[in-house]
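The first chain written gets the first letter, and so on, giving A, B, C, D, E and F; residue counts start at 1 in each chain.
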């Protein structure tokens, strides 16, 4: 194939180096025959199926005639149960360390019961998403119809994935919620940690660059613009200097708050209800209810020197 | 399939709840047999075909020999006409409310005439895009060739989609322009509303997080950096408290303006020609021509307390 | 197909306009029979294969048994060599202007030797990426396991693509490195120029909107947050008013620096070691070691006027 | 692309010859915008869907729990109705000559009513196919289970396609039945004309090379082996020397007949009930009930001359 | 979707009829969650992988350099083991009736041990297939090279599938061998039952229509032509009138026999070694060694009556 | 992955046996980097493209408007030239033994000139195929339209592949013609050797099982039925006992001959013009013009013994 012997020896030598287990011990993953593996492709199918279940007719071909819609829901839930049970099981297998002590059949049944619990929550997810769609439609002068909002707005996609992932996270499913939220992150630039708690009638305009951290608590009727960060400032460290896990470290945003583009809000602070945070500000302290916070006025000058700024 | 009767009854119960039309009435869409539906996949094909028509040889295999290029253009336009007519019709069907009063055959012919009008505008789109490519190449010290700019730069992709979507919007096509601009948004992080008006020799560096609102007017030779928002500040409300649609509410940016990363410019203000807006500023007032606007100087201090900021 | 003669004549007329070579001369690309063309799809396969080589078992199905892992590495490198040689050759062909003076067979051999040199560097790329994964895991209280970091974190994906593209750039491969970095840019919103130099233990939290320019130099143990720009302020122009290529114009960031969300740092300045740059600041001057730089305090006021900000 | 001018001129010249309409006038087909076209791929989907409807769980994932099987049937029939209506319409459009005189909307409704009539016949098709499966299973000592027969036996596939195509033919659908029977012909080597009439409990062993002509009439409980032809001998010609269409010209095979491999039975003859036709015979006359017909005894001799026969 | 109420009621009515379990009880198959199902697609992958293992470089891209071929074999066998274990398990599950009494984990281990036993036999399969390829090449004046024989000849494909399926059958794997032989049957028109026993240096010219029954025994160096049947004449019936399974009922063909096109040889007879059977004969009795058997001479006459034969 | 050490050692042991080059030396193929390989998938694309060129509108979407058909032909031929040049080159590389002595660039040019020569012959292929379609339509009482014949009849597909492969064979292209004819063989059961010479107005009814050998010569207006063999009887051997290549050994069939189902005609004999060969006969001698040849009359008897024949 490639006659040059120096090329061959380079490649052969590299094979040995890469096959040396000391070089990959901390960054490898072992499959076990018969265990399912997490699959972005299957999770994409699952999320699309759920979106069609929640918004019938938008992402599939559900017929809306009285009897037929029931048939579609019946088939979707049956297929969803199968697919989701497998991926939940894959998540359980991914995280578990000591597989010898685990009864695989028990894990499989546990995964199925989690899948059924998730399915039972779908009507509630639909109820909340209806409030999200409504507020996005009403609040955007450029929106022509609820249909356009559902079909085109990245916020609806990202918030749908979040509400799905959040429920799975509440049920204790490992890894899978994170994959689902990263799928939305990649598609929309909106990064909502599945552990965050977010109220009803939530919307994000444009969305790219939004970050909502894992211990955030967001009230009802909150609106964010692109580039908003609800992040952590610094982490308490344990005695070894590692961050202590699970400490609340992200903001609490109360009801009816609007946060404009590129605002960065860090730490376990509280943004009081009915406040407005202007764009491009850096906020690390509590904000009282009914406040507005704006960037210090920019310096404006006449621009004569052609070279720079 | 799953023997556990509690799982079965959960799923069966959820089927009934999800099939209850009161729960999905505002978030469903009804297909009608024989009507085309908007398809992201087909629109992706359409946009790729147009990109190959505009930049021959980059995204397909157009042969550039004198006679053959004509054959390719002939075939592409013939196929484009068919595909685009269908998707325009799908857009018309998506938005129309009262289908009984509509003559489907008339709609179909109308869609075809719009497709032909769009096609007739392609040479002008190519002419403008050539100016966009040129300015991106000339203005970027890292660009090796125009080919690299066309093939790799997200700005070229986003601006191409915008110019296509903008023309379709001008022709009155519903929904489809928005889908096309959201495709670019997802791929590049650049969100340009198809209704915005943008002059020649326009470029965006890096691009992620850029938002250009629907009533923006941008002159010639304007350059934006990543994270720039040209957005709306607040909306006049009607008597019911809903935003009034169609009011100009986004900035006017005159010729030869540069806007640096993360600047947020809101409201129907005017950024005068030949101005420079520095990064991370929040601008809500007019800026005179030949101005420069910079963020108020940051506070700098020595950093001793290891814990935080 | 479409009987309306005005439609036909519009289309026919447009064919002629688009086939006029003066309209596309500067934006076309000519294929030559037998020459490979750059392919995003094949480069996607290449990058996925490399990710599986570096992190065995995460993105493929490498079996980790002692002998078998060697077989997998042997097959992957053999296939990688073939695929990469072709794409490197495609990159060489893309950029070369005067093809008549080039010996195709020589180019082909040169591409193969570059591919082999790249492959020989893979163990070193793995070694550095292990430090990146480690710092991301240790520094994030929300991370459950190294596996989650490797599988889900966009930073790992973007930094992997960067380290691959950077090596190809060092070897002098044209175009291909840029395509690889733009693939990560599209998927993660993180835009790292393949020419930038970045030390070990590097991480980016969330990541969307990060830009790292082509002449950046970044030390070890640096952490960036979403929306951070390490960019250029202005370019020295040559006598024709075009930017001079290759001049250092992006920041130097020393070891142990943290830069928070949306900070914009422009120009050939130096951010001293062990400094912290707060979010949303605009920095265009050197920062001394052990400094912290924060945005000027925001204006906060009570919010009473319902209309706007 | 290819510099050699003689190659170019050959190709260019051929373009002109092939674009000359006199050369393709009798072998071309014109599409009309908006009309569906027959699609082997969609018909393959349709046939697979019908096979899953008829034999639940074999070719799809129908869940057999009491309520759920109804949901699956409901969804399959809804999707089948849409797909089949379109393909029936495509068949109607394919055959019609004078399209100007046709009301497209009427055709569309007609296609839908035919699709519904076909669907209403599916339970009867299932009933008959159950008899076919049963006789194949009982009569084959090598068959392990009915499941193996349904899943693996080419005869079941060919007879299923036939029974589907036959019903469509009876409903007057053009072209589509023929495509469906040719799909089975290509997969199994069994060529049953959709117009043939075939009773219950019909089976074909192995099957390759079986031909059953369009005016055949076959009773109940008939078994054919591979290579059997039930064909036409010669056709009455009209005054122009063309075959007269629609004249019965293929055999009638009565109940309980077995026909062994490679037998060729030609013309409108009658094979009486309970007869056996041996392999490799050529039969062009009536055969009385309860007969057996065998090839004249072969010549057997000692074989010494190594060269040939 | 379809307004006509008679269409709707037809479809709804059919749903009920098709969901009535009495109509499908004997022709359905129940899946169990977690059990693999037989998959033609996966078996196609398996067979292609085995063909590449046996004939390196023909159906994949195995590199033949000394070390690398070992890596390829290692990876192929590792992947084959996984895929084949699953499909063998699917076969075991397909056939087993009383699943409650089965320990799934035991079945899984059993499937794996069968897969390993099959793999251990691959070198022997290669050894025999080499003799088959050799005789096909040497015996066909039209064959240009062994490569053409391996790459193009349907006989090699059919015999390969047979030798694979035969070994799986010997190991006691249900269903899967039959699916593999039917795949070859569909592609080549050659139907070899996996239970048949066939010696070395076996070839089939052209092949379409060849049938080799399940209890056939074929010696070494036998050549068949298209349309040859080695079948059963009639079956002994048990007291219920059903065929008795497992009785030898197909021919024994000794070494060095040639059988010409369309010959039909039925029953447990013996074709003695070094015999030639001419085409189109019907043979139901033993044939002595060194014999030739030819069809009784055809009737030839002058052809004057234009109408028929 | 699979813990059982006996399984592991079986697999590891098999790897070594299969990697032993003495076991695969005669049945392997070596790729060379940069050389194209024959691809069934690409040849399928090529054949489909040619079918669309020959029968515009049947297998693609060629628009038949006067100017547009020319554009389509121009694009198809341009793409065909590229694809076919590559596959011809692959064929040349497949067969050549001593690659060291070959100038690759010369081979590439030679492949291109053969591709152009083939393309220049396409109008003639269309002209002949029109006669084939015509005779199939006129001669079949069941044919509804020429469109049905072109779209559905396996004979048209097989004869088209033959006429394409035959021309490539005449031009001296190795391997590729055989692959193209085997594609038709697999799809239709009709096996026509590309070297055979066949006149105009040729048709095959049903077709499965037809074999036409490589040195056959067939006149004009010949019709075959399914299962007909035009084969070789025995081959003259050279001194080593191998068949002498290239000797005429298949029948000559003169004009206006009809050959019925399952007839086997062997050897370099001549079937005189205007003859009819009845089904299931075995013919190894010349047949005079205007003859008819029928099978000796079958033995018919009453059938009383229920057991067998």
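Just so it is clear, a contact is a pair of C-beta atoms (placed from the backbone, for glycine too) under 8 Å apart; a residue touches a chain by one contact, two chains touch by 3 or more.
As the structure is a computational prediction, the values presented were derived from the model and not from experiment.
Student: Indicate whether more than half of the residue numbers at the subunit A-subunit B interface occur in both copies; give same if so and different if not.
Tutor: Different, since under half the interface numbering is common to both chains.
Student: Determine, using the mean of C-alpha atoms as each chain's centre, which chain is farthest from subunit D.
Tutor: Between subunit D and every other chain, the largest centroid distance is to C.
Student: Go through C-E and A-C and name the pair with more C-beta contacts between its chains.
Tutor: If we tally the contacting C-beta pairs, A-C comes out ahead.
Student: For subunit D versus subunit E, what separation do you get between their C-alpha means, in angstrom?
Tutor: So the centre of subunit D lies 23 Å away from the centre of subunit E.
Student: Rounded to a whole Å, what is the gap between the Cα centroids of subunit C and subunit D?
Tutor: About 56 Å separates the centre of subunit C from that of subunit D.
Student: From the mean C-alpha coordinate of subunit C to that of subunit F, what's the distance rounded to whole Å?
Tutor: The computed centroid separation for subunit C versus subunit F comes out at 50 Å.
Student: At least two other chains touched by the same residue of subunit A: list those residues.
Tutor: In subunit A, 1-2, 15, 30-31, 33, 61, 63-64, 67-68, 70-71, 73-74, 78, 82, 112, 189, 208-209, 227, 260, 262, 278, 280-281, 294-297, 309 touch at least two other chains.
Student: Within the complex, which stretch of subunit C touches subunit A?
Tutor: The touching residues are 53-58, 61-64, 66, 69-70, 73-74, 77-78, 81-82, 109, 112-113, 116-117, 119-120, 122-123, 126-127, 129-130, 133-134, 138-142, 144-148, 150-154, 187-189, 206, 208-209, 225-227, 233-234, 260-262, 278-281, 284, 294-304, 309.
Student: Quick one: which bits of subunit B touch subunit D in the complex? Just the residue numbers, please.
Tutor: Touch residues, subunit B against subunit D: 1, 8, 12, 15, 33-34, 63-65, 67-68, 71, 82, 85, 104-105, 108, 112.
Student: Inside the complex, what are the residues of subunit F that reach subunit B?
Tutor: Per the touch definition, subunit F meets subunit B at residues 61, 63, 67-68, 70-75, 78-79, 82.
Student: In the complex, go through subunit C and note every residue touching subunit B.
Tutor: 1-2, 4, 6-7, 10-11, 13-19, 21, 23-24, 26-31, 38, 94-95, 174-175, 178-179, 182, 185-186, 189, 191, 193, 195, 208-209, 211, 213-214, 227, 229, 231-232, 235, 242-247, 249, 260, 262-264, 266, 274-276, 278, 280-283, 287-288, 290-297, 307-309
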